[in-house]
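Two complexes follow with subunit A in common, the first pairing it with subunit B and the second with subunit C.
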Partner chain A sequence: MMKYVLKRIGMLVVTMLLVSFLTFLAFELISGDPARSMLGTNAPSYQVDALRHELGLDQPFFLRYFKWLTGFFSGDLGISYSYRQPVWDLIGSKLMITILLSLISFALIVIISIPMGIFSYQWGGGPFEWIRTSFNQLCMAIPPFFTGILLSYVFGILFRVFSPGDFPDLYEEPGAAFLHLFFGAICLSIPRIAMTTRMMRSTIVSEMNKAYVRTAISRGNDRRSVLVTHVLKNSLTSVVSFLGQTMAEILAATIVVEQVLGIPGLGRFLVLSIAQRDYPVVQAIVVILAFWVVLAGTLADLINQSIDPRLRLGGDLA
Partner chain B sequence: MKKKMNRYLVVGLIITGIILAITLIGVFWTPYSPTAMKYGRFQPPSPSHIFGTDNFGRDIFSRVLKGTGTTLSIALATVAIGAVAGTTIGAVTGYFGGVIDELLMRLNDVLTAFPSILLALLIISLVGPGKKYNVVLALGLIFIPSFARVTRTAFASLRDMNYITSARLMGAGSGRILFVHMLPNVLRILLPAITIGFNNAVLAEASMSFLGIGVTPPDASLGYMLSEAQGMLKAGPWYAIFTGLSIILLVFGVGLIGEGLQAENREVV
Partner chain C sequence: MLVIKDLHVKFDNRDREAVAGVSLTIEDGEILGLVGESGSGKSVTAMSIAGLLPRKQCTYSGDILLDGQDLLHAKRSDLRKIHGTKIGVVFQEPMSSMDPLMKVGEQVGEALRIHTKLDRQARKDKVIKAMESVELRDPEAVYDKYPHELSGGMQQRAMIAAAIITEPSLLLLDEPTTALDVTIQAQILELLKKLNAERKMSMLFISHNLNVVRKLCRKVAVMQKGCLVEEGLTDEIFLNPQHPYTKRLIDAIPTRIRKEGS
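For the complex of A and B:
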């Protein structure tokens, strides 16, 4: 058990190192000469050299990567080119908002889709099966930003429940801020709920066809009690892995939804910073988001191996 | 033997076929010019302008036709890149295995750590925003790993089948075995993956254009039009509604085809 956890954490560290290195390398290729672009093409070259020295850009690549990495873990994410402020001061509060937004969406997905998956198995089939499946496909087709536009039209313009584009302060008006985030979470979660429900249902269906279910039923258990006592627990591992991946997709979708509803989170700032070519900020946000995804995957694996001991031996689910 | 009709496949093909037909017509002919600004500002939907007009007095139906064309062509090109490159990689790694397989799969793990839009954003800032083919390039690249993963599993599971061994013993080359003998059996898995990939591509392109880093004028895509429509929500909500519904219908139709294909597979098994 302990050995597995350590091994998994080791893999986590290696993946994170690779992710951060690739990101750093990518920005090395993109950014060209930041000192020159900050000062403009007319600046004298001694000023550019001085700024380059100030930003530490005259040091070798690997040294800078190492410094950046150690800085990253001690809360020093560098200085923003556009604002000339520490990156961490700029993104700290925004990180909080994005975390809240994705956690609320995640909670909605888990709370709604797991029972829905079970219900749709129990009462699925029959002549109306195709309506349910089509509705499911329809929900998957709704892009989050379109829901965002509809919600801001109906609840923002017609009913004035919240004001899209004008996000209330998280600490002064937590209720209003939460409501605003909740609308964002609705946009994010509708297609994911449809996918997770579908996934949950098909996992249950394939589990119910396995030999142990036949054995349990032939010993006189009814299908429903087999579902509750055996199948659900065995279906859980696939659902947990799926939810781990869902975290990544929620994060990707927050970028767009924050833009639509005017939520001042990481995603919105990322788009702004890309437009301003503020690479230290972009780099920091990209690495934070990627770390988050890797962490979610690791957590899903750790939860799974505590559910299903076979996974600790490194085997796949049979 | 007469098979039960596959309802999802039929309905999905009908919806997608109608959209394709209308879009194809839209390439050559639209009821009004999609860029002319002379039809009166913010006309609500009426028989002469069935989707209404926008703040510049442009006919929205004509714009949606053109926009769907752009979105469709980008999504198709993206999926083509992803499927061809991904399947080739999946075939080679799945069939031969070994060090390349191991390396590519690890790279795959790292790439999945980046949310797809994020990766597309990175590539776009590398190659420069605004160009249609850059969007295709960025999206195509990020779709390769998922196709590679799906097909790799399929190729690996076929590798030790008897008919493959017999083909090898008869002296067939690797290329022939991979693409003549194995590929037809992989299609069963590849085709639903293509429909899912197509839908993801439509949604990803729409998101990127919505953020202003995808397609930019004069090439209007549905995503770009939605971001335009958001600013006119108060005076002309129909712009956003019809544009959004077009995206939903497009994705829904192809989604049903995917559902139908998967149902076919279940019957074979």
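For the complex of A and C:
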């Protein structure tokens, strides 16, 4: 068990190194010179060269990467080109907001879709099946930005429950801030709740056709006790893996939802920084978001491994 | 005593009846072999006895009586009281027939958990005893293992232990040795013989392999395309098969083995 955890953590570190290297490389390869864009096209080239030297851009690629990496591990994310401030001071509070937003969305997905999946299995079918299916597909198809606009209008403008675009301070008015984030989380989670519910249901259906269910029935279980004592646990592993991947999708979608609802999270700042070629900021945000996604995947694997003893061998499913 | 009278089963998505008028009797303490190729209806017959037919997807008629109690037309809720108490079932693939995420001991004791009010410790004691009676080595250790940690033979022993733990009067064995290699197969057959002798448990042993049936069953019934084509004492049928299909089945056994057996 411990060995597996260590192995997983090792894989996490390697993945993070790769991600950071690739993002670093990406900015090396795309055109555009940060010093030039900071000084404007009319600046004399000796000034640009001086700034390049000041920013360390004249150093070789690998040396810069290495410096950045050691800085990152000692908590120094570099200085923003555009704001001339330490990157951490710029993104710290925004990171908190985005992480909170994704966590609330994730909690909504888990709390709602797992019981809904079981419910739709138990009481599915029948003459109203098509209503359930259509509603599920509708929810899956609603893009978060649209829900965002809708919620802003209904709850922001008509009922004035929250004020879109005017995000309350997280520490001074935590209640109001949470409410604001909650609406964002609703937008993010609706399509994924629909997907996870469907996934849960279809996993239960396919597990119910397995041979061990027949055995359980031959011992006197009814359908419900088969579900509770055998099938749910067996269905859980695929749902947990699915939820691990969902975390990545949630983060990608936060970028849009933060724009629509005026939530000052990382996503908005990321878009802005890319436009300004503020590489230290972009680099830091990408690596942190990637870490969050990889961490979710690792946790999902570790949870699955505690559910399914066959995974503890470190091998694949037989 | 199990009595089957004129059993018909037809699945809705098939044209032909899976079981077309089968009548069988298994006396107390008797092992009856049911032989036939795949699709002959032998497994469907067993599933009908075990109450595992998908009732909504098939039509069925006839009678199946276990000690006078109707199994074929009984309500689901009544059937569940018979499942795991009066009838135990052992299936072909022990690995897929076991819940991969539940410890072997709990699976062996599942029928006890459902049908009795025994506490955990009392159940465990019974499970260990049942495991000993199916000659599983080191039952205490096996109790806490997961199915994938056991060999195929051990898995099938555990499945047999699970089926006999409530001391049912009828044990249904649906190709229990087919997925196992030959030496393990022989051991399982010996075990079944022993259980039958010790507990006077009736058994229905289903196989496509006449040679295996011959080692275990005094009586045998041969099925083809849903019908019973021949029935009688195993030795007599071997020496003097009446139906051409039975002859073909016997001819299918390699000569060397046929001679060794006789």
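Here is the rule we use: the second predicted complex is superposed on the first by the 308 of 318 C-alpha atoms of A that agree within 3 Å, B and C clash if a C-alpha of one lies under 4 Å from a C-alpha of the other, contacts with A are read in each partner's own complex, and residues count from 1 in each chain.
In this text, a contact is a pair of C-beta atoms (placed from the backbone, for glycine too) under 8 Å apart; a residue touches a chain by one contact, two chains touch by 3 or more.
Fair warning: this is a prediction, and the values are worked out from it, not measured in the lab.
> Overlay done on subunit A, so just call it for subunit B and subunit C: clash or fit.
These partners fit in the superposed model.
> Once the two structures are overlaid on A, work out the angle subunit B-subunit A-subunit C from the Cα centres, in steps of 10 degrees.
For this superposition the angle at subunit A equals 80 degrees.
> Counting only touches as set out at the top, which of subunit B and subunit C does A:Ser218 meet: first, second, both, neither?
The second partner, subunit C, only.
> Which holds for A:Met208: it touches subunit B only (first), subunit C only (second), both, or neither?
After superposing on A, A:Met208 lies clear of both subunit B and subunit C.
> Now for A:Val5: first (subunit B), second (subunit C), both, or neither, which partner does it touch?
In the superposed model, A:Val5 contacts neither subunit B nor subunit C.
> So, does A:Leu51 touch the first partner subunit B, the second partner subunit C, both, or neither?
neither
> Taking the superposition as given, does A:Pro309 touch the first partner, subunit B, the second, subunit C, both, or neither?
A:Pro309 sits against subunit C, while subunit B stays out of touch.
> Does subunit C touch more residues of subunit A than subunit B does, or is it the other way round?
Counting contacted residues of subunit A, the larger count belongs to B.
> A:Leu170 in the overlay: touching subunit B, subunit C, both, or neither? Say first, second, both or neither.
A:Leu170 sits against neither subunit B nor subunit C.
> Compute the least Cα distance separating subunit B from subunit C in the superposition and give it as a whole number of Å.
Nearest C-alpha pair, subunit B versus subunit C: 11 Å apart.
> For subunit A, which residues belong to both interfaces, subunit B and subunit C?
Correct list for subunit A: none, the interfaces share no residue.
> Would you mind writing out the residues of subunit A in touch with subunit C in their complex?
Result: residues 210-212, 214-222, 225, 229-230, 233-234, 307-310, 318 of subunit A touch subunit C.
> Touching residues of subunit A toward subunit B in the complex: what are they?
For this pair, the touching residues of subunit A are 15, 18-19, 22, 26, 29-30, 130, 133-134, 137-138, 140-143, 145-146, 149-150, 152-153, 157, 245, 248-249, 251-253, 255-256, 259-260, 270-271, 274-275, 277, 282, 286, 289-290, 293-294, 297.
> Show which residues of subunit B lie in contact with subunit A when the two form their complex.
Residues of subunit B touching subunit A: 7-8, 11, 109-110, 112-118, 121-122, 125-126, 199, 203, 206-207, 210-213, 226, 229-230, 233-234, 237, 240-241, 244, 247-252, 255-256, 259.
> Name, in rising order, each residue of subunit C that touches subunit A in their complex.
That would be residues 50, 52, 76-77, 80-85, 87-89, 91, 93, 96-102, 110-111, 114-115, 146, 148-149, 159, 162 of subunit C.
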